[in-house]
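Following this line, the structures themselves.
One chain, chain A, links the two complexes that follow: it is found with chain B in the first and with chain C in the second.
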Partner chain A sequence: MDFRLTTTDLHALLPLVILSAGACLVLLIDLFLREEARSRVLPPLTSLILLGALGAGIEQYISLSPGSFRFPSERLGPLLTPIWRHQVFTAVGAILLCGIALAVHWISTSWLREEDRPAYGEYQCLLLLFPIGTILLIGARNLMLAFVGLEIFSVALYVLTAMRRTRSRAVEAGLKYFLLGAFAAAIFLYGSALIYAGKGTLDLPDLGAISREGLPAPVGLAALGGGILFLALFFKASVAPFHMWTPDVYQGAPTPITALMSTGTKTAAFFLLITAARLFPHEILPLIPILAIVSILVGNAGALRQTDLKRLLAYSGVAHAGYLLVAYCAIALGQGHQDAHTAIRAILYYLAVYGITNLAAFGVLAWLERREESVLTFEGIRGLGRRNPFCAAVLALAALSLAGIPPTAGFWAKYQVFAAALSAGQTTAAVVGILGSVVGLYYYLRILVALYFEPAPEEARIPAAGFAGALTLGLSGAAILLFGIFPSLLVDPLIHIRL
Partner chain B sequence: MSAEILAFLVLATATVAGGVVTLWSRYVVHSAFGLMLSLLGVAGFYVLLGSDFLAVTQVVVYVGGVVVLYLFGVMLTPPDREERSIRRIAVAGIFAVAALVVLLKAVFGMEGRWYGVDPDRGPASGGAVIREVGNAFMDKEAYLLPFEIASVLLLVALVGAVFIARREGGRGS
Partner chain C sequence: MSDYLFLIPSLPLLGALLCGILHARGGKARDLAGPVANLAVLGSFLVAVLAFLEIRGHEAEALVYEGFTWIHTGTLLLPFKLHLDALSGFMALIVTGVGLLIHFYSIGYMAHDEGRAKYFAYLNLFVFAMSLLILGANLPLLFVGWEGVGAMSYLLIGFWYDKEGGWPAVAGQKAFIANRVGDMGFLIGMFLLFTNFGTLDVAAMKEAPALSGGVATLICLLLFLGATGKSAQIPLFVWLPDAMAGPTPVSALIHAATMVTAGVYMVCRMSFLFVQSPTAMAVVAVVGAVTALLAGTIALAQRDLKKVLAYSTVSQLGYMFLACGVGAFSAAIFHVGTHAFFKALLFLGAGSVIHGMHEEQDAFRMGGLRRHMPITWITFLVGGLCLAGFPLTSGFFSKDEILWETVSSGGSAAYALWGLGALTALLTAFYTFRLVSLTFLGKERFDPGEVHPHESPWTMTLPLVILALLGLGGGLMGLPAVFVEDGNWIHHLLSPVLAEGRPFASEGGHGLDHAQEGLFMVYSSIIAVVGILAGLILYRNGPERMAGLAKTFRPVHVLLAGKWFVDEIYQVCILTPLAALSRFAGWFDLGIVDGLVNGLGRLFQGAGFLVRRVQDGHIQSYAMWMAGTTTVVLAWLVMQLW
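What follows is the complex of A and B.
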């Protein structure tokens, strides 16, 4: 038996290696710095590490795409073949997650400086460890590895949620998230154990291979385990009725962390939902469109009543999980191989756009929030169009994109998701989704009205944002428009995805 | 009645009795000891199935670690005697019965196919199991990456615990 790691293995794990080495480096350097030096040294170092991992992901993407001639043999060694998915799919996930972590890092630098005793080292170490867990979840070919990844990013998020220990609301959110999340992790593990008892393996079967050869559906314990496993994943993706934690935790967590939670966790959970699709028990397949419909209804109905913007975005996140599930119906219930791949591309496109849009929205909120918490209601953004046109423009673009109005990227994302569902014959779910997004218009447009058509309160002062935060907002706003006007910029790179 | 069946009956009684005590005891300490009994019973099952490695791990991790941690937690938290409401018990009972029905249906839906357990193989001799675990890491199933990556999980937990539990006066002061 050959136990050596090959260069291809190292190439496959490069983003993970960069991130974990970087996290240790940040912790070590933090030890030897004085308080003033930390704020100067650590944030740029973290940016550099995340950029490195992002670059590694992009490099993997390029070399794995067909037509590339740089790595003719992309076969993994014997140690990684059974357990790791060295495919465009994983590379896309790594790019998305490193990008999200980088944006959250940039949003949070000026915010972190305002804290009483900023803990740069620990905060940035955890921020670097988060994408490791999510990338593991995405690349795993085996439930055991997926579980370890799930735990890594969940534990990092629990801690980041509760990092402002002096505020009771943050502690409450952290505790709530921790208890429910630990329960979900236990359920995930229980499901995996039952799957192992039923099938004798923890492998995640390839979508393409299974649908072609028509392997038998999971029966008995394996089916039960699959169902239980999906409960945990629906919890992580905040699909209704497993969304109860979402509003409280989103509200209580520091705003940049809420951005990380809403984009990163949802992305990772949906990537694993895709790779684990063949484990879903066939008896309860009709549940998926029902869950999609319930999520859309609950999310939109909940968002209508909110005045707190973070809670509003939390409920909107539940609705967006529903839209994603509409496309997921095509993977789980669709007959053809082609349907599944169209739906996978639609979901990945949606996740990328939703990530960019939510980062923009929460970035603006993090900018406005600072110490006073009242800013986060509709009251706080009144007349922002005159007070700070840049912030207002980015928030307006984000709201339009979340509502799915052209020419923003959100329109194409919704279009692809519903088109994928319709072509797979999932008419009911798609129609409810379209109706739901019409209802959603109301609260997204309320944001626009508050921004531009209401008078600003008197002595309202906007704090200055750091360069990195402004850059992130500018970039994400530009991306929303760019991908809205030229959707092929984001569609074409996803064409090579096969599973 | 063979010795194996007798041992199974004793262990099963202990496991279930421990579970019942855990659920129904009014004192958390009694619950923790009931849990310990239950976990020891499960360790006994592992021995019967010839998986001595798993049995030792069960004793070291759960009985030695988790239950002791519970007891420390109980010692350090003030007591809270909340009366149980009948309604909650009823709701929980309904869910528990439903879960039991689904689980039983799934077990009987297996039609005797337990892939995880090979009924023809007798209890493995000492050492064989450990060798198989070792092989699973490096050879057949290649669990080396999850094993190594678990260290990252420990790092996250460690950093997180220190981050949350550090003193209010700031670090190192």
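What follows is the complex of A and C.
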């Protein structure tokens, strides 16, 4: 076997290299610093590492886009070729996930300061491990590599969830997440094993093979393995009925970590669902619209009666997984290349918008959160419009975007998803999706009512947010509006994703 | 060079803006509003005169101003295009000319009103909208003006919305709603025109081939419905008498001289279409004649000075539609012109009387005012003679032309229509001089200790004198052939623009000659003189003399004084069922529609409750759910695969 790395290989792995080196560096520096110095050195360092990885991802995107002068030479060496996808698809994933991690890092700085025992080094290191795992998952051309990535980010999340060891709810959430996650990992591995038994290979197919005619459908053991793998991914994407962990874990985890879970995990899971689409047997595909409908109904119904905002957003996340599955129907059941292409773009667009929107929403919640978590209820945000107009405006924008109301980006995200499903003939799922979003209006608008139409409680203190947190909120709020008014700003870059 | 056309509407618009600013400044600044508004309309009038002089001599052509593209969507292309031909030029002269006199009169009339700057802003906006209505080269632009004058009419009727327990506001709403009914017809007519012609440009439609009879009839009737709303004809005339709640100059300008004639103008503008449908023409003629008579009878029994004049306006508008219906469009416009002079004169005179009598409007409580208000008395008398059709006044010539055109349009139907018109003429002469007698002659029926009638200031009497002169001499515009061969200047002016059509011509055509025209003129004169003398003699000494008569024919009197109870009939037949329907719709919406929606909501709330029950927090049950689902799916998959 040839173990030599070419420069192209290094270029392809650059975001991962930066992140991994950075994670080690953070841990090392943490050892040699005193308590006060950590809070001054580590957050900027982590920002720098994430910005570097983000920049590397963007550079990859540019050089891989058609028309770039470096395009012809971007061939990987013999070592990476069978296991890595050096494609715009991966670059987009890297950009999304580094961006998410950066935003989470920024909204957690003020939250960390409120903690009893801010575990700077560990927190930052684990935060850096998350994009490493997810990018591995997205770029992998081989199921084993994907599994390694899956475990890297999952384990990081388990620890991050239970970070606040003294709090029983956090520990409970971490344990639940870990146990059910281990269960899902076992299912994933079992499925992979059956696929290997059936086909003798763990290769994930090319993106170009995603259209229905591209590859022969798996049969026999490989088909059974594909079916099992399929269910395991739904756990990560919190698709009903594999969503049970979501509300409890979202509620118990530190709010920035909830943001990371709700956006990053879902993004990674759907990227893998796209690349693994040809491993699934045809027999199981009719299940996708059904699961989409179930998720939409369960998510929206569950959110209706919630008073805790994090649980509400958890259920809303289940419903959004359902909307994404509606578009996924077009990939799995559509009639060819064009349908699949449209659907992939719709899903990526949706993931980006959902990421921005959820970061905005959880960012506001992280800002408001103090030692008592009772503040993250409808009671806690009453009259916020007068107490803190900036926070209220960002949260209101996020709620409108989640509800899919123009002129926010969420409208275009929903529109593209449903349009993709309709053009692929998935009428039932699309109609249920649209009706479900009508139900969703109820609880999203409840947030707006609480923000602006209810009197503020007496003497409610709003903790000061750091500059980074405020910047994140401002940027995501602006992005929600910007991409809502000029959707082509986000649609056009996705055109370069080629099948 | 006809770019200056845009000045006609835009000067009053500018004036309105300035008046609005002056109103906002308040205090002394509001006194400036009158002069500003007058200057704006004066400018508009001068431009209209200039434009009119330019098209004289070659009446077939028109001045066109094409501005920006207003609407361009699909196949519909609507430029902002103004169009001044003989018809719109004549109308523009009337609107800006009479409008100027009434603006001038308003300076005195509104001098002490808090809202005078707002009043002049509305009045200027009205002139703006009215000139847009007249000059608009396509129907949607005309419709913008049409709606604009409607809105200003609404605002000015309700100008004193807080007086008399809010009655003016209610009257304004009534006018607006009645007009909306007509507008619906107008709009549907426009839609049909667009589907049939593919354009809404009047000139282009005129060039297009004729429509089939049924479609033309339908469109004409829909357009005419719009006209009955704006011009207060059966069935939508009920709003105009109530519109007198507004300031009297408004009644003169909007509800007598100009806006209410917009329906007549529109029918004349679309005359090329109306002549394609004899049925529609017959409907127009009959509605006009019947409205004229009905309103004339109601006017007989009214006591309120302005109410009598309002019903006489409805009646005179009926004459104009009668003329349109028999194909004598130029006679209709002639009457529009003369009527604008003498009716504005009568209203302004009435305003002067009301002003001098400290807001008293009941003619029964006046009398003998000729001694106190000499100028008002003389000018009102002139206006009354015109309205009554006294020989050689302008009203005589225009009304006589309509009656002559009616009777000469052929057939027995023509004689019937002439009969209605002649009877109305008799009634008109009678109630006009009943009013003159009650107001100015006889003994004073008010308490001289309390009320001190006085002549109005010169700003109010000067327009009266000018209008009186116009009323006396206006007939020169359209001398009949009996007097001077080819003396009908207005007919020559307008005939290139208006369509020719004789709906009843097949039954006999122009069978009557000059000698007979002279004969009918004598009939008209006799009718007018008899009516005038009857009114003067019977009411010479106040209303008591006729009280006995009213008692004898009590049912008739009640019917007439009660305005044929049209309002009450509408209340019972239309408004009550409509309110019931609304209540039903409200119940349906709240009960069924909302109930359905709320029921669905409750269903989801219940589902939410269920989801929460399943979510019990036990990790064992979560794992059970996952394992259970996985097992079921796998079992199903295995069954599918093997």
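Throughout what follows, the second predicted complex is superposed on the first by the 485 of 499 C-alpha atoms of A that agree within 3 Å, B and C clash if a C-alpha of one lies under 4 Å from a C-alpha of the other, contacts with A are read in each partner's own complex, and residues count from 1 in each chain.
In this section, a residue touches a chain if its C-beta (ideal position, glycine included) is under 8 Å from a C-beta of that chain, and two chains touch if they have at least 3 such contacts.
Because the structure is predicted, anything quoted here is derived from the model rather than measured.
Of the two partner chains placed around the shared chain by superposition, chain C is the only one that A:242 touches, whereas chain B remains out of contact. In the superposition on chain A, A:223 contacts both chain B and chain C. Contacts of A:304 after superposition on the shared chain: chain C is touched, whereas chain B is not. With both structures placed on the common chain, the touch criterion links A:180 to chain C but leaves chain B unconnected. Residue contacts after overlaying the shared chain place A:340 against neither chain B nor chain C.
One of chain B and chain C touches more residues of chain A, and that partner is B. Applying the stated contact rule after C-alpha superposition, one finds that A:156 touches chain B and leaves chain C untouched.
When the two structures are aligned on the shared chain, A:442 is found in touch with chain C, with no touch to chain B. Chain A residues in contact with chain B (one complex) as well as with chain C (other complex) are 219-220, 223-224. For chain A in complex with chain C, the touching residues are 175-176, 179-180, 183-184, 187, 219-220, 223-224, 227-228, 231, 235, 241-242, 244-245, 247-248, 281, 283-284, 287, 297-298, 300-305, 315, 439, 442. Of all the residues in chain A, the ones that touch chain B in their complex are 1, 3, 20, 23-24, 27, 78-84, 117, 119, 122-123, 125-126, 129, 132-133, 136, 142, 144-145, 148-149, 151-152, 155-156, 158-159, 162-163, 165-166, 194, 196-201, 219-221, 223-224.
By the touch criterion stated above, chain B contacts chain A in their complex at residues 102-103, 106-111, 113-117, 138-139, 141-146, 149-150, 152-153, 155-157, 159-160, 162-164, 168, 170-171. Across the interface of their complex, chain A is touched by residues 601, 604-605, 607-612, 614-615, 617, 619, 621-623, 625-627, 629-630, 633-634, 637-638, 640-641 of chain C.
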